[in-house]
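Each of the two complexes below includes chain A, the first together with chain B, the second together with chain C.
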Partner chain A sequence: MIAFRPNWQAIAAFLAGLASLVALPFTATMETGASLLVTVIVVGASVLSMLKLRPAVEAVILAVASHGAAWLLIGGLEDAFGTATFGYFASLAAAWLLAWRLVTVLSEMKLTSVTAQRTVSLIVPAIFGIWILILWEALTRGGGVPFVLLPPPSSIGARIVTSTNILAADFVQTVLKAVFIGYLIGTLSGFVVAVLADRFRFLAAGLLPIGNMVAALPMIGIAPIMVIWFGFDWHSKAAVVVVMTFFPMLVNTLAGLAATGHMERDLMRTYGASHWQVLGKLRLPVAMPFIFNALKINSTLALIGAIVAEFFGTPVVGMGFRISTEVGRMNLDMVWAEIALAAVVGSLFYGLLALAERIVTFWHPSYR
Partner chain B sequence: MITMRDFFTGRLVPVLTILAAIVVIWYGAAVALNAPVLRDFEKRAGEQTQGMEFILKTWSQPKPTMPAPHQVAAAFWKYTVGVKLSSNRSLIYHSWVTLSATLLGFAMGTALGVVIAISIVHVPALDKSLLPWIITSQTVPILAVAPMIIVLLAAIGVTGLLPKALISTYLSFFPVAVGMVKGLRSPDILHMDLMRTYSASRSQVLWKLRIPASVPFFFASIKVAIAASLIGAIVGELPTGAVAGIGSKLLAGSYYSQTIDIFAALIAGSICAILLVTLVDITGRFVERRMGVKP
Partner chain C sequence: MSTMPVISARNLDLVFQTGDGSVQALSDITLDIEKGEFVSLIGPSGCGKTTLLRVIADLEKPTAGSITVNGTTPENARLDGAYGYVFQQAALFPWRTIADNVALPLEIMGLGAEEKASRIKRNLDLVNLTGFEKKFPWQLSGGMQQRASIARALAVEPDMLLMDEPFGALDEIVRDHLNEELLKLWATTKKTVVFVTHSIPEAVYLSTRIVVMSPRPGRIHEIIDCDLGDDRPLDIRETPEFLRIAHQVRDGLREGHSDEA
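Showing the complex of A and B:
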């Protein structure tokens, strides 16, 4: 027995699909047949989605229909910049609503196996990301948004492919030299100072409030001074990164070293452990979650510091330099290519740290 | 309970000692960093000063590599108290320009963050799809986009306060959204069940249980957000080409190598940051006390 189970996304998609019929074909170069096919796909899928189907079946239908329709719609934009009609946007909205319904169905699925749960928790955000790109592409090209305002993702992708040399040079200059070296020096010295300060209670008591205050200050402002001191090349950027990463590391390590309980420390004392033994076997392992927290905060701060410091003067290479000059020349696709690179580097950096944290602090309750 | 004596020997004395040490190191660094330039200058002028006289000279250069603390303090005093408020040289005026963008951006960012958090808590599809992206986007150096946003908005005719405020919004909504999702989910299961036995509607659960429970999380996250807002506003002033604000003072100082001016602007920015964070802290404590939290 088949029964209806209406949901608002499907109803809205159904109506939008029908509404798109008033303006056929959708773009100047899209054939009427292809336009009709899109309408049939979205209307058909929305009707199927309202039937009482098994969630897995519904999800497959919705995934094929929404992405198939989107593929046809983007294909229809060939040589049709800015000619999209009302029907185009109505059917795009219908396809997007079906994708929303798909995400809803997937999130509400009751899964028992761990692998299935993991897969869904990866697929759902992936669909969200893909639809950001689809809507961005279709709206900028279909709606005729000027290139200097917002280039479509396809031309940013093309730009990345054609200017790998420039991107690689900028990556070496900004990330491998300024960020990497500055990050190493800043975090290591923050850690060493914290361990030494912890040996003397007086130093720790004085450094912690000052460090906490400095961590809230706009430290990025020292960039012009560092450029005056260390010159235009990467050394000044690394210096900015050192200053920006030092204090979060100092404060977090001090807090982590203070996180051991009395019982554990008393136990170590009954073993007759020396200060350094207690530090290495008890207090540093306990401080690890705090230290990794600082490492993660610093990974973002280091990239920001190096890129912004380049706004104050650089040799003619580097991600921050490229962004500020290409904005001035209205080469927005190059700017977005650099931003994509920065995003990938930032996420990878963070991801690697999160992975290392999992391995080092495997004992922590949040991973057990 | 901390007694006054504990406060002095355990807190104030160490902090003041370290601050004094920083000032001493600063004066030493000023000598070390300014000495080469000064020696060079004296060699060309054909004079030679020694000992204390030379050290004093390194502390009173007009364009030092490293200004001495008293030079910065004097410049700060001159540009805050010594000039009229409406003057283009007044740091109070520039701080106000930056602060107004910070506060506007912070208000918009906080509102946006709270709205996102409430929708994430109520719509499971958004929880699964949007939250991972919000967390990922925190790993992206967002300030890299700042000059582009400013230039783009200027191209379509939006200038002045709003573009800078938008960068602040961008930086400040992440901590609020993430913190509030945690806060709105913090009521324990017993309380949620109790609300269900009252047959409370979703909006009643939100207003009477979730939002009160999220208040400590809210203040913890807006403390991060307001510091981020200030950084966003300062960086947002860089590409505008030194019109007004602390960021433009930094840029102008770096064009003309006016280290004293840069340091004075940095002090102004730091005072703004401390004021903002303290204000949030005091408000948070006041609200929590009014809501019945025992200190």
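Showing the complex of A and C:
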């Protein structure tokens, strides 16, 4: 006796799979047999998904079927740019619904071992990411989206592979020089000025209102001025980054230094501790979550600042320069390649800071 | 000079300036505390008991009157490390282990590594926290945290302990236990203790003298001797002598309050 356990993704995938049969073959270059195979895969998998199988078995079936169907569909496009029929999109939707069902099954699995839980917690977002790329690829190529509007990820990937030299040079120019040096100078000086302003009250009284105001301004507007002052090379971009990162660090560090409790300060006073002892042993540790907050905000600001500042004049290298010139040449795949590079750099930068924060502020209630 | 009191306050006044006028926190406080005494300050909230302790500790300055601690000004006494102060909460630093928390005042005093290590060990031993050196404060119960903070105060090796409702945030069972341990500690170390509390049984159980204070303005209403002897098991609290003193303290508190009943 076979037990049924219908779920809405499988029902919808089943119907979409059947609906795709009205428009065979799916594309100009796809044979009817291959098209039918896709339909059989998605309809078959949706029926299996409705049976009461063990979750692990169901997950394997769904993973193979949804990704196999997607593989066949994208492969079936070849040069048939923009020739996809209704049946193509219906079966793509069916495959996507099966992937949705797969994620649902995976997240509901009751796992006892820690490694299995960790693996699933990595697989689920990976499936999400893969399907963004699959849908992007299949929709842009199948639907004939103009290249200038949105190039498919495959051509962006191909461009990354063939342009590693250019990307590496741009990375060195923008990230290693402008972002890294500007970030270091900006955050360090923001920190030092905050510590001094905290020691000498008149500095804080004057600086904090200004700092709060300036931290809210779109500092990127000063980029052209910095190019006039510091020239076309990376120095002017680093200067923009310094200005953008200075005030968030100043404001956050001052707030962090003010976050110490009365009791803890009284305690240090009973020991007759000096200002610098209180700072080093009590107030800076308390301020650390605030300081890391600024470091993380600044990592994003620095990358934006350096890239956008290059729009206003630069030698013929750099991520911002590349984006602005390749857009003019309609080489949108190169623009997207730079955006992908910026995304990877930004995520790594932020991730490293978040990791360091976890290690340094291990004692904070949000981590322990 | 052995007969000179450790703490000697003469006609202390302290007026706080607040947003809506001035508050007289202390009024005409005159009090001598001798070496080795265990003195409790008791009274309702607003009676200035904590403020008086903070004046002794040089955490507040009196606006009139004079006070000496160890024969000198409270500021000099504070800088000499004359006292250890225990707060209402343990106020341990969460990024330091228990041992490192106890080491904190020792680092500020600039002690050598060997001396530091031996003081940490001795004082954690004294409060029964041996074996918890490497734990972080948040891994310990509230009672253990407060014991660690007492060890930290003792590590300075002061002649005097100033304690501001140290067990006020703990439940009664833990509180009884820590009261017993504190008495043992006091008996072995012979330190002068000034202890702020609002619990009558706690004050009577621990003290050699009880200072009953009353509010608005904060002043001393009555000073009651509490001569229950050195050996005080917990069940001393059921003896007639204990109950008599407790009754006397309660009467004193009630009289101090009578003007606003």
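Note that the second predicted complex is superposed on the first by the 358 of 368 C-alpha atoms of A that agree within 3 Å, B and C clash if a C-alpha of one lies under 4 Å from a C-alpha of the other, contacts with A are read in each partner's own complex, and residues count from 1 in each chain.
To be clear about the criterion, a contact is a pair of C-beta atoms (placed from the backbone, for glycine too) under 8 Å apart; a residue touches a chain by one contact, two chains touch by 3 or more.
Here the structure is a predicted model, which is why all the values come from computation and not from measurement.
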Task = Return first, second, both or neither, reflecting whether A:Trp100 touches chain B, chain C, both chains, or no partner chain.
result = first
Inquiry  = Contacts for A:Val124 in the overlay, against chain B (first) and chain C (second): which applies, first, second, both or neither?
reply    = first
Task = Based on the superposed arrangement, let me know which partner A:Thr270 touches: chain B (first), chain C (second), both, or neither?
result = second
Task = Quick one: classify A:Phe202 as touching chain B (first), chain C (second), both or neither.
result = first
Message = By residue count, which of the two partners contacts chain A more extensively, chain B or chain C?
response = B
Query = Counting only touches as set out at the top, which of chain B and chain C does A:Asp79 meet: first, second, both, neither?
reply = neither
Message = Looking at A:Ile339 after the superposition, I want to know if it touches chain B, chain C, both of them or none. Which is it: first, second, both, neither?
response = first
Inquiry  = With the touch criterion stated at the top, can you tell me which chain A residues are shared between the chain B interface and the chain C interface?
reply    = none
Remark   = Residue positions on chain C within touch of chain A in the complex are 57-59, 78-79, 81, 83-85, 87-89, 91, 93-95, 104-105, 107-109, 136, 138, 156
Remark   = Residue set of chain A touching chain B in the complex reads 100, 103-104, 106-108, 120-121, 124-125, 127-129, 148-150, 202-203, 205-207, 209-210, 213, 216-218, 220-225, 227-229, 299-300, 303-304, 307-308, 311-313, 319-320, 323-324, 327-328, 332, 335, 338-339, 342-343, 346-347, 349-351
Query = In the complex of these two chains, what residues of chain B are touching chain A?
reply = 10-11, 14-19, 33, 65-66, 124-125, 127-130, 132-133, 136, 138-145, 147-148, 151-152, 155-156, 227, 230-231, 234-235, 238-239, 246, 250-251, 253-254, 257, 259, 262-263, 265-266, 269-270, 273-274, 277
Note = The residues of chain A that touch chain C in their complex are 261, 263-264, 266-273, 277, 281-282, 285, 361-365, 368
